[in-house]
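Sharing a structure below in structure tokens format, with a few things to ask.
Labels run A, B, C and D following the written order; every chain starts at residue 1.
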Amino acid sequence: MRKLRAGVLAATGAVGQNYVHLLRDHPWFEITFLAASKDSKSFEEAVSARGWFMGQDIPADVRKLRVFEASNLEAALDGCDFVFSALDKDVAKDLEMKYAKAGLPVVSNASAYRGDPFVPMLMPEINADHIRVIPAQQRRYGFKDGFIVVKPNCSLQSYMKPIHALMAAGYNVDRLIVHTQQAASGAGRPGVSALDLIDNVVPFISGEEEKSEREPLKILGSVDNDKGIVDYEGLAISATCTRVPVRDGHLASVNISFRGKKPSADQIRLAWALYRREPQELGLLFAPDQPIIYRDEPNRPQPVLDRDSGNGMAVTAGRLRECPVFDYKFVCLSHNTVRGAAGGGILNAELLYAKDCLKPR
Amino acid sequence: MRKLRAGVLAATGAVGQNYVHLLRDHPWFEITFLAASKDSKSFEEAVSARGWFMGQDIPADVRKLRVFEASNLEAALDGCDFVFSALDKDVAKDLEMKYAKAGLPVVSNASAYRGDPFVPMLMPEINADHIRVIPAQQRRYGFKDGFIVVKPNCSLQSYMKPIHALMAAGYNVDRLIVHTQQAASGAGRPGVSALDLIDNVVPFISGEEEKSEREPLKILGSVDNDKGIVDYEGLAISATCTRVPVRDGHLASVNISFRGKKPSADQIRLAWALYRREPQELGLLFAPDQPIIYRDEPNRPQPVLDRDSGNGMAVTAGRLRECPVFDYKFVCLSHNTVRGAAGGGILNAELLYAKDCLKPR
Amino acid sequence: MRKLRAGVLAATGAVGQNYVHLLRDHPWFEITFLAASKDSKSFEEAVSARGWFMGQDIPADVRKLRVFEASNLEAALDGCDFVFSALDKDVAKDLEMKYAKAGLPVVSNASAYRGDPFVPMLMPEINADHIRVIPAQQRRYGFKDGFIVVKPNCSLQSYMKPIHALMAAGYNVDRLIVHTQQAASGAGRPGVSALDLIDNVVPFISGEEEKSEREPLKILGSVDNDKGIVDYEGLAISATCTRVPVRDGHLASVNISFRGKKPSADQIRLAWALYRREPQELGLLFAPDQPIIYRDEPNRPQPVLDRDSGNGMAVTAGRLRECPVFDYKFVCLSHNTVRGAAGGGILNAELLYAKDCLKPR
Amino acid sequence: MRKLRAGVLAATGAVGQNYVHLLRDHPWFEITFLAASKDSKSFEEAVSARGWFMGQDIPADVRKLRVFEASNLEAALDGCDFVFSALDKDVAKDLEMKYAKAGLPVVSNASAYRGDPFVPMLMPEINADHIRVIPAQQRRYGFKDGFIVVKPNCSLQSYMKPIHALMAAGYNVDRLIVHTQQAASGAGRPGVSALDLIDNVVPFISGEEEKSEREPLKILGSVDNDKGIVDYEGLAISATCTRVPVRDGHLASVNISFRGKKPSADQIRLAWALYRREPQELGLLFAPDQPIIYRDEPNRPQPVLDRDSGNGMAVTAGRLRECPVFDYKFVCLSHNTVRGAAGGGILNAELLYAKDCLKPR
């Protein structure tokens, strides 16, 4: 069977390069279309100005691929079956809509449509069923074959699966106070100045706390045929987001309280250990076998030691202990540029493919 | 008037060097006695093995001073009127007791006696009155002229003054959820391995969370003639303590809820701006004029920019905002090796001196 | 006597902020004019967008000062007696010429005129006499009262004084192989991306090696009435320049060979210890008492421990040892944003002032 | 064919853990014996005190393996066919000799026998033929089946292959001035204090420059039946070794001069590109296909981007350019804990195995 032809929008940027890197030899998808802010004769040439930042070289089959200006819809329609979008929020608003209108499914990392109740914000372990809103989206926007799905902000990747595992196990999570220590790569390239992160941490990331408090409610929400995705209402979240001198890996410290039945620490660890969801059942390739890995060592998870667990797609949790103010506290970690960006986008595409929402055109 | 003669126990270690550095030209105290784990002909020679780590050179009058083994009480009695102790907890238990028994006041950084209700754990802005427990301590342990005072753990220096300022302004602080990002110097030298803090943070510091949750209750406690210092009971604290790649400066993110009357954000900032206490009133030399500095910039405080405010003795606060779960959240910072260690010890000694508890022998 | 009125061009940038910071309470100069890429009501407002990065707050007398567009020569002529220029090379070429033409002496950090034989490139300890070329410069360019002096690139500040001290002591330095490890602040703000300096060093700084090899020859050159400053010819230099995760302080490792008489290690250390030059003799305020500090410890100089020696204006040298290939090797360090930028500019202005080249207008 | 049974001495330390990690699923060797400073019931338990620092978990077949005290020769003879030694220099002197005497080949990372002319110091691309000295070693020390081979210091791994490639291509390398920027992992664990490498570099590593200047001469030496390995005489090296805030990857900047025929830059790059030696010809598993990778980008090699090339076994070179003092300068990089430690040891063992020097006992 031939692979689906994938495009990457904003292919030369930090997230775009990650898509190119991670899709190397993907059995279901192959990159056949690349777009950036301007045309280039080859991807190699297009990245030469800012550099190629992945540990391995540019995949041989992408190196010579021509790069089109992202607004060139004709080239896109010619060149691929769907696109991954790593566009900046500002241009994403307009361009993703145009791609979807033109008939191309858009699997997006941008935040432009995260607030739209008809655009599913997928974390496939949690809300794979949200893709049911796609037909309503298509009706609403007059899309024929195209549509848009998005992924949430990278700051919440580390704690949403552990939280959801407890909800799925029947415990009512009531309140969360979350503190994140986020890696520099979350700001892209050039992103944060070295002078902000040598001998320093910055206790502020613009817009990040708002997203961390708001997006989980949509992720946990339910699909309503008329209103689209309706936010979950039973959970209050307070987030403090900081930037630390780490390359990759967002760490979150979580204080959690329950309403009603409160699990024991063993029950929590068991719920995490047994957590398997649709991506695992469907055998999605980028789905980690063990979505939540719990480590018993007192000083784990740590970004440099744990971010690559499950090929960067798993969450590592640790330090579960009683909280003198809430019920429990724990620490969790996920790889922000793999699970939190390009890898998460690929998992979303795999889910859509397994569910027949992505097809050859 | 002649200066009081001060000794420094464990003078060659990280905190000890800081004492030597900060007492340079102190108008009330002069270093006349130095102790370490073994005798040395001079301080210069004693530090040469591990190195001298302060930005300025060893003060000229200390360079040639002889160093005695810390157990040499005779030399101490000969050489000084009181001692600063930077001893390790293990040896502090025994040695500080011996020094006090021998008649020497001990101003300690060690944790050995922090749990003792008859030993005041001083943050002079908060509990200068706790020195009233000293006579009971002397009776209890049979000290004649000697006594022991301690300072709390460095992790809580950043948030205890902002919290106390609100309590002093009449607001009942009910619950705190605190997350710290602590500097490498908090672990002394060699302390943390570079491999733990290059491209990494470590979400665990042994014993630190327990101290951060327990010590504030004693600091806020009240003096009872029979029972010593009785813990404050109206406050629940949950702490998560992490280590970050920062040289100096402990940062804390605080979520706070009130019982009863809740201040407005303006009232909080006002309470902080107006906070002046006994160290300021007594004109103690190491007391910052403005104990709590609030910064309006959205991304402050930051360790590298704010740790030296008030000569490293002030707390810098910022990012005060509503909390969706508790009442407010904010960020605060203090210099862990100045305010949180040697500078804090010197301030304690200045308080004792101003209150006639330290005298020439 | 009233202070000279100083302007700062590009006052809001990294170097400009350093000028504002370092000129705090300067006894000879006071800042009375500020310029940037656009007008602002006050300096405070002008820096608010990018932030104020110095450890201390903006000096009170500068905070409210109006900021003019740099091209507003009338405002400059009204407002100051001379200017410090922290302009980018590109705009410096044109604007510095205009300021000089308009009658204002320009003390510049930019590289635009470093190659001009009629513009002295001052390191006052080495070539204070190069200011003798100013009259020829004024004739050549038709300046009346204005003129331009520049300072060299920051990469060579650390090794030029130790080299010159040996030449001044009568030794013929023949060849230098130099390797620098340069701080992030050398690239300004935002400058280097954090992703380039977390768990990494970058063995390349654009244009830096060329400057490090060429500029010393002009600095060591002699003044010819017709040709301006004529390069020194007896020295070959090879430089490798790298960027390291350090905030401030450029470190250089130097391999040196002599022609003819070769000094002993003691003679080298003595030449450094005794090195005193015109800035010291004239009592310039920013001149370090001891321009070259030699440290005996085997592991010094280090950026974090030594960059502030002599208030950031001294060079710290260490590790002098025999070289199996050349004659000797040693390591040296200077503070790149103080000695290597704004502090060096102020020292140049002080020299000009002491020599009556800067006067009230 | 059954795999050779390998032991690891000092298995719980930094290098030992790397051996355990890298030998995972090795087709020729399997770990069957582990030794440390004291007995433990299992490897898992033995490492729990200090932690397991590899990105992946302990290999399943090693996790439960018993750990013996290193002096237990009987257990070693029972348990393995040869040993990898990651012992500290001090104990290595005695213990490695005992192991060899007892009949076990020792493939060592320690420096204890590097100076012994009868112990080959192998870099298999350069001096595979030095294993010819083993029979003389056995005679000299009265070993029957045992022997010792060592690998050189990690500091020179990055530049010795590029240098040798030029010598092998017929150019006489005359003089080298080398400057290294070495990773923290080179000092093991805990190794360097974080306080030495936050906002800092340290221009000194004890003993490292001496090794970097001396060991290459033995590596390039020739085997003499009577005298053992005789140092190469035609090369003068001067090294400056510094420590930088990098986890893994030693970077070296090299200035090189030739005697006689001087290659063009193209000839140098060609010599590097074509460099293939015995490890490649024998198809050793840990031998990189391309031992020297040249990168054209102006700012490469960089530790974080290039250290893993060739699975951490290749050298990456770049920035070849004319030197104003010598003939050329360039920059090169190798992974110090893979190529420079455990991976290098494994390659040595593979060479010995392919040459029938390692056999089942």
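Criterion: a contact is a pair of C-beta atoms (placed from the backbone, for glycine too) under 8 Å apart; a residue touches a chain by one contact, two chains touch by 3 or more.
From a predicted model like this one, the values you see are computed outputs, not experimental measurements.
Set against the Cα centre of chain A, the chain with the most distant centre is C. The chain pair B-D and the chain pair B-C differ in C-beta contact count, and the higher one is B-D. Averaged C-alpha coordinates put the centre of chain B at 41 Å from the centre of chain C.
Between the CA-based centres of chain B and chain D the separation comes to 47 Å, rounded to the whole angstrom. Residues of chain B in contact with two or more other chains: 53, 196, 198-199, 245-247, 299, 304-305.
By the touch rule above, chain C contacts chain A in their complex via residues 53, 184-185, 189-199, 245-247. Interface residues of chain A facing chain B in the complex, by the touch rule stated above, are 175-177, 179, 181, 196, 198-204, 206, 213, 236-238, 240, 242, 244-247, 251, 253, 255, 298-305, 318-319, 323-326, 329, 331. Taken together, the chain C residues at the contact with chain B in this complex read 51, 53, 55, 198-199, 247, 297, 299, 304-305, 308.
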